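Shared between the two complexes below is subunit A, which has subunit B as its partner in the first and subunit C in the second.
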Partner chain A sequence: MKNDVKAFWTLMLIIATLWIGGCEAPSFIKAAQFEETDRIVLTFAGPVDPAWAEDRDHFTVNEKPDPDILLDIASVRLSPDQSRLTLTLADPINQNQPHQVVVKEIVSEGRNMGTQAVTVSKPYFGYLISILIGALLIQNFVFSKYLGLCVFFGTSQKKSTAVGMGITFTFVIVFASLMSWFLYQFVLKPYRLDYLQIIVFIGLVSLTVQAVDTVLRKINPALFKAFGVYLVLVIANCIVIAVPLILADNEYNMIESLMLALGAGLGFLLALFLMSSVRERLDFANVPTSYRGLPIAFIVAGLFALSFMGFSGMSIF
Partner chain B sequence: MDPLYIKLALGGIALLACIGLFFGIGLALAAHKFAVEINPKVEAVKEVLAGAQ
Partner chain C sequence: MAATTKTNMQLVVNGLLNENPIFRLALSMCPAVGISTTVANGLLLGVAVLFVQVFSSCTIALIKDHIHQRIRIPTYTLTIATWVTVIDLVLAAYLPVAYKAMGIFVRLIVAFAIITMRLEVFACRNTVTASFWDGIGMGFGFMFGMVTLGAVREVLGMGTLLGYDVLGFRPMLFFVLPAAGFFLVGFMMAMFNYVETLYNRRAKRGS
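Up next, the complex of A and B:
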């Protein structure tokens, strides 16, 4: 009973923190978003003066990290209802970077609303999804980066082992990359020890595998038996070391890291499942003797890689 | 030699030692807490049996 009350208040505290964290000071500019490749659309809370909007000097746009470099504005257009303003820039916008728009001396219905600044960035949730789908399909670690091939060919003979390996792998990679993200951000980077990152990450992966092995053996023997030898095989997989290195390079935050790790794990699971489905059927197919076994598997993997190239260059959100 | 390099090298050794110690103790405790009883006869029989792999 006492625990329930405690849990309830902890939950309320988390909700309150999130709620307060999500609040913003009221602003006359209601929304700002990117449109197409070179436009920023501002939505105001009320109609603004067309004469004021015509003067291009009232607007400045810059990438948030470089406030000194102002971007050239090609045209400013006000919508008929006077509350939506489209800024067209001379060059395409790098939408991965948040941009700052300063709007000076806004005039609305004869009243001066003062100078206001807004930050335009891609929708964050969409960005997270695009990391996940990117690692899962578009930049699939097996089929477009050619990583982890030894385990991929070793465990894709039967559907059951393939799925077992994929799930174990997803499990381990999420744990290991979150741990290495934490260690990189809070220990390696601040103390300038990032030259040790490969050694530390390899160590963390093997320690995670050992810990999962020890704990699972006791807690869930059935699952442990299902994982079997694959749990140890995860150490020999290079995706599990590639993901922490990518995280360290791209300076992802924790949720982004989680998404990339999840995408990599699920992508490997998908690759294993597809491959094992084909290889189960290949056993009954009439394959020339010299191609039987591994050679035909490599050819099939190449065909899969070709078909995954169809995803390349795609961007979501 | 530049004192900065010595500092970095010592920092690296200290970091690896800390990680090793932390996880070593952690794994030892985990192994103790989640110990599974294995029949010692299984190992003994395996020792006697021939096995190339």
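Up next, the complex of A and C:
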């Protein structure tokens, strides 16, 4: 019992450390938010030079995933106290996408504050939920991104197996993603080792699985008995390596990473559960001989994928 | 399993047909469903897998005597990851457009079950030459599967083949949708099964 408590506090400590580490460096741009349908409002820490603000070339706006496509800025307006700046764009903004605003050579009270970039996104909580729901339903890793299929078809024959695999997988992916996020942000990126990401992430995932295996065996043997067999299979699942790669590509921060990993895990659990429910019934169906086993499972998965397409384009917040 | 007695040609054919990674072993399904929308995509990923499979097989066959039994799986994984990094960087540098179209799948070759499985059941027990040919067979088998799927989907979905217009119209746009990948793989597997039962029946009648 005492060990459990100690393990819990150690975990909390690690999470707290990560949390503080995840905070961003102070910047001259205090806040950036969307306003109405076509405006971005930037708030500066101090007054900026009106002459500098008049030049439209000092600002570029783009959707975060497409840094090459710059959006047209129709007008730039500075508030009377010179610390709020409104950028009006030529077209309405797709506010579901985070946008990046680069402000070049900010001039404030005669001093050059350098070039700064800021990300504008919708209210943060809503954004987090939309990442979670996005990974869970709209971009479900199994039915919309077609990852992790080997394990998906391998363990979806019985409901109990499916649920066991899903839960184990969710735990492992959350741990592995957070660890690889940490390693990427604080080791690989600062030392420009990001070309090593594949090797490091796959090694890290194997280590996490091994660690969970060892810890679970000691702390909770009953749980280990129930879920231990699925642990080995987790490594063979490509979602578990895809999520760290996606996190690294998109430069998510820690909480966003947690949400994506959770969404991916729960989405896999959902997919497994749905699939196993159908396959248990398929056992009693009269399937043509050539289609028995995997072929019919693929066709069922295709139907699921079709129905999951109904979620596409949906936005919740 | 002892060292293989098959000739090099038999090893290649084995990978192409008898143990085709996609339709027979049902391994590495993710890319087969995910990016087999055009022949070009299938071909490119096929080349990447061929490269990784051949080089990892050879590497493991070379150093198999020095790998301790208990750490063999991590060794395989790291070997594959190294070769995947190589092909990933090469493709990103020389074919940036096609590389972008395949998205994350090139880097995910590291998690493809087929490669690890060939190292485990073949390369760690056989000579470098045999492993090389086995890798060639498996790689081409994978490429063959991807290209077949890609061809069917491209012709039926877009009416084109390798980007050239062959039909002049789009018969079933449905096949471009990713969901169709599941259906098509299902149909193809069923077809392979059917052909196999026919073949076995004929063989029985013949004997």
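Here is the rule we go by: the second predicted complex is superposed on the first by the 200 of 317 C-alpha atoms of A that agree within 3 Å, B and C clash if a C-alpha of one lies under 4 Å from a C-alpha of the other, contacts with A are read in each partner's own complex, and residues count from 1 in each chain.
Everything that follows uses one rule, which is that contacts are C-beta pairs under 8 Å (C-beta built on N, C-alpha and C of every residue); 3 or more make two chains touch, one makes a residue touch a chain.
Keep in mind the model is a prediction, meaning the values are calculated, not measured.
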Contacts of A:R192 with subunit B and subunit C, given as first, second, both or neither: first
Which of subunit B and subunit C A:G302 touches, first, second, both or neither: second
Superposed model, subunit A: greater residue contact from subunit B or subunit C: C
Partner chain in contact with A:C150 - subunit B first, subunit C second, else both or neither: second
Partner chain in contact with A:G203 - subunit B first, subunit C second, else both or neither: both
Partner chain(s) touched by A:A51 [first = subunit B, second = subunit C, both, neither]: neither
Which superposed partner A:L245 touches (first subunit B, second subunit C, both, neither): second
A:I69 touches, of subunit B and subunit C: first, second, both or neither? neither
Touched partner set for A:V215, first subunit B, second subunit C, both or neither: first
Subunit B and subunit C contact sites that coincide on subunit A, given as residue numbers: 195-196, 199, 203
Interface residues, subunit B side, partner subunit A - complex: 8, 11-12, 15-16, 19-20, 23, 26-27, 30-31, 34-36
Contact set on subunit A toward subunit B in their complex: 183, 187-188, 191-193, 195-196, 199-200, 203-204, 207, 210-211, 214-215, 217-219, 221
Partner subunit A, residues of subunit C touching it in the complex: 26-30, 33-34, 73-74, 77-78, 81-82, 84-85, 88-89, 104, 107-108, 110-113, 116, 177-183, 185-187, 189-191, 193-194, 197
Footprint of subunit C on subunit A - complex, ascending: 143-150, 153, 195-196, 198-199, 202-203, 206, 236-238, 240-242, 245-246, 249, 288-291, 294-299, 301-302, 305-306, 309
